[in-house]
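The same chain A turns up in both complexes below, where it pairs with chain B and then with chain C.
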Partner chain A sequence: MSGTTVDVDTLGSAAILRIRGEVTSASEAALGEAYAKATSAGARSIVLDFSGMEYMNSSGIGLLVTMLIRVQRAGQKLMAIGLNEHYRQILSLTRLDEAIHIHDTEAAALAATA
Partner chain B sequence: MMATMRQETETDEQRAAEATPEASPASRLRTSRDEAWAKPVDRVSVTAAAERAPADTVQGRKLSGPLQGFGRMWQKTFRVPLYGATLSPREVIAIWKAEFPAFWPKSAKFYAPLAGIAPGEVALLELKPLPGAPIKLSTGVMVIYADDESFTFMTPEGHTLSAWITFSAFEENGVTVAQAQALERPSDPLDELAYMLGGSKMNDRFWEQTLANLATRLGAGGVPVETQRVCIDKRRQWRQVGNLRHSASIDTMKRTATAPIRAMRRAVKRASDRR
Partner chain C sequence: MAFIKSLRRSTGVTPSPAATTVASRPDAAGAAVGPAATATRQGPSIEISPSDALHAYLQAASGVVEVDKLELDSPALTEIRAAGVKIIVPLVTQGELIGALYLGPRLSDQDYSSDDRRLLNTLAAQAAPAIRVAQLVREQAIEIQAHERLDQELRLATLIQQQFLPHSLPDLAEWQVAAYYGPARAVGGDFYDFIELTDGRIGIVVGDVTDKGVPAALIMARTHSILRSEAPRLVSPGAVLARANELLCAEMPANMFVTCLYAVLEPEAGRFTFANAGHNLPYVRNGESVTELRATGMPLGLMPGMVYDETTATIGAGESLLLYSDGLVEAHDPNGEMYGFPRLQQRFGVDLAGSELIDRLLDDLRDFTGPHWEQEDDLTLVTLRRSGASGSFADAPADAPPPRAAGRVLLELAVPGAIGNERMAMDRVAEAVASVGLAPARLERLKTAVSEAAMNAIEYGSEGRPEIPVLITVTVSDEALRVRISDHGLGGPIPDPGTSEVPDLEAKLAGLQKPRGWGIFLIGQMVDQVAVEPGPDGLQTAVLTMDLTGGD
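Up next, the complex of A and B:
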């Protein structure tokens, strides 16, 4: 089982969290640290880039919910890019797509932050 | 260097896929993991699975997770280290799935789907909404995820909690640990009130008892269950106040209150049919 790495790129008021590997309960620290880094850099929008993600289980979905709550509390916006059809369906099944804005491309997500 | 190595790996996989009609190990792993998730559904559909219990508070309802609930959001974790048991996490999950209803406290019933705990299956439940409540609430859950090491239920609209609960087993310091972790919000204002008036504690005791029963079954009885409660979101979602219209508690109360009238009508009809 591979772990999770999350790189943070800051572009203006948006931070892109590039997720690689697996998103499971073991990813809590990596995601939390990346979010803290993005927030301390002043990001108003958090874009989760799933294009490098190999797998996400139900505990991983739970982590997205807790991140979403932190984002909402901080008055930020949460977006997702790089989701394949399977994970789009999972966000639909869990109704997370009602709260996380899904975009096809990074450019579209960044345009939506403006 | 890393990028080059990854590219080479992918190329090898692609070559293998082209050379043989069978899928590569990586794609097989991806497929089997993908199959752990249920397919998206617009509405919950109760199959023959649980015809033994009332399904009208579940059939045709949408799924409702912690984002769709009304009350404060809580993450509750119940765990028991299985000291003395020599089972792997996979063996624990296999037993937990196969015998799930047997571990529930006697105050509640879990009508398992005939196909077992598998992605997309729906189970029906009967539970007390509050300690000492004279009625039992009929509701259900859908299995949204199930693999060899964990499985997750999501509630339908009308359930007292808008929630996911994940049951898992893992190894920690050489000991297999069984865990239930819920992410939940009471679904509507009445549910939030009931939750504050004892429903939450009753819920905690329910899962503590369930894990204690599981530990006993696995040969690790007597080990205390550890409980952790974290308030994830203190805010109530007033925009979800309309969830009241789906309330299984209200439906069950209405059905219970009108049962004598319905019974009387049936008796009158039978009598007039005989004449």
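Up next, the complex of A and C:
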């Protein structure tokens, strides 16, 4: 099993959460800590980078919803990059793509935060 | 804690009551100084809890603390005052309070001078790191002891295991036999055996006990002795496994079972008859073509009353058999990629036999895993080749792939009902359907659906109990690919995606629905059809169907 690691890069008012490995119920702590770190650094936009993600299941989608709730309460913006076609489709089926702003590239996401 | 005594001698600050340290690290109680030698010098041993206000105060204090000047709401401080302590010397190293010295009033009735305090501070600054080092040394010693125990257990497991591996290979005319067993560091429960039967027949066993270490080794030993005693009496492989299952069910510890393949070889006729209790299926090589022989049955020790099918194949001159355990096919390369059945099937298709073949397979495994691989599981290989017709490799016609018959079985799998195994189930199904040629996007959707349905079956059907398996069958016909996922329904019936409530994102964001609860919805969206069926045998089954008739 690969587990989850999340590195946080802060770029101005945006924080990029680089997710590697899997996003499942076991990822709760890693994602929660990364979000807390981004927020305490003052990030207004949280960009989830899925390009290193190997696997996500429905529990992982549940974690995205939890993060979305926190982001909306804090008045931040949640974005996603690096999603492959399959997971884009899943985000679309769950309508999460209406609340999470999906971009093709990191540059496009950062431009949209400005 | 000799240095504390030397404090009392060298300074003349003879305290009364005597000095003592108090361990403030909850894991280092041994650092607390015991009672002094004489009753009159016995000091208080007062623990300061990390949640006590005094703890934070001492941790931040820049030197000795006068008890009379303290105003803190602290249970420890009340006790310390009551014991007559006048001065507390915090022992802080790297920002962490690791102990404290308590000093009573000076015996000379004078107050502590600033010289006294300076000396105490100097001593504390030197003593604190020394005590911390002592604590670390002690922790290290405990850790080393634990390691040694573990190492000893591993040695014991290895020893048990090796007692029961065959010391020699059967000497069969016209057959070349070789076997390999490589234990993982943690020693899994692999075993193999050759049993002499009447009329020159030979029994061949390859098995794997779930779990590792001594418990697995003991179950392996028990299985070994059951098979040794039952095989000559019952002969028929199906009957031998059914009997072993009955005996093992009665005594199997929770969370364990045994996968096992038992075969009887008639060397002269080349007849190979086997039954299978959830173990990897054997491969037969004829020229370059490698086929898998199939026989179904549940692992041993899970539930009584199981029946084991028998399959017979005739091994012709120049043909080979390969029996193997998970350790090879489930090895991972540095990128997390699994070695897998297709690769083994392909690599077995070389004109080698005996130890040369085994060496070739192990070399290929090492090429795959890279030099830094730590073997994940025990690894067992048993191979037999019938000699003669050496030209058959070149002459053998390439076998055409079998026609896609209605309901051909691609995979039968029993997954222990432990959370996390859904990904293994997903990978195994993906491997099994590789030959069907689904479009990549549809394969991804099937994988997600299988993983979600298997996760539900594990979480609810088995309630996460590894000893309650989830059964997965994959079949393909001209019209459709079907994955059947059967569970024991401990947590209630499988929800029907057709009638289940659709999760609503707005309601979840507003806190009206739980953030989770997407699984059933996703399954319904990912595959062409989902049905829930009762059976077989009191199980309930989710049937996932991918249509193969239309274009993707």
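Assume the second predicted complex is superposed on the first by the 114 of 114 C-alpha atoms of A that agree within 3 Å, B and C clash if a C-alpha of one lies under 4 Å from a C-alpha of the other, contacts with A are read in each partner's own complex, and residues count from 1 in each chain.
Here is the rule we go by: a contact is a pair of C-beta atoms (placed from the backbone, for glycine too) under 8 Å apart; a residue touches a chain by one contact, two chains touch by 3 or more.
Keep in mind it's a predicted model, so treat the numbers as computed, not measured.
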| item | value |
| --- | --- |
| Superposition on chain A - do chain B and chain C clash or fit | clash |
| Chain B versus chain C as contact partner of A:E85, first or second or both or neither | second |
| Touching partner for A:Y55 - first (chain B), second (chain C), both, neither | both |
| Partner chain in contact with A:L93 - chain B first, chain C second, else both or neither | both |
| Residues of chain A that lie at the interface with chain B and also at the interface with chain C | 54-55, 57-59, 61-62, 65-66, 68-69, 86, 89-90, 93-96, 98-99 |
| Complex contacts: residues of chain A adjacent to chain B | 25, 54-55, 57-59, 61-62, 65-66, 68-69, 73, 86, 89-90, 92-96, 98-99 |
| Touching residues (chain side chain B, partner chain A) in the complex | 30, 33-34, 36-41, 62-68, 73, 75, 144-145, 147, 150, 152, 154, 164, 166, 168, 181, 183, 232-233 |
| Complex contacts: residues of chain A adjacent to chain C | 1-2, 22, 26, 54-55, 57-59, 61-63, 65-66, 68-69, 72, 85-86, 89-90, 93-96, 98-99 |
| Contacting residues of chain C [partner chain A, same complex] | 336, 420, 422-423, 441, 444-445, 448, 451-452, 455, 503, 505, 508-509, 511, 514-519, 521-522, 525 |
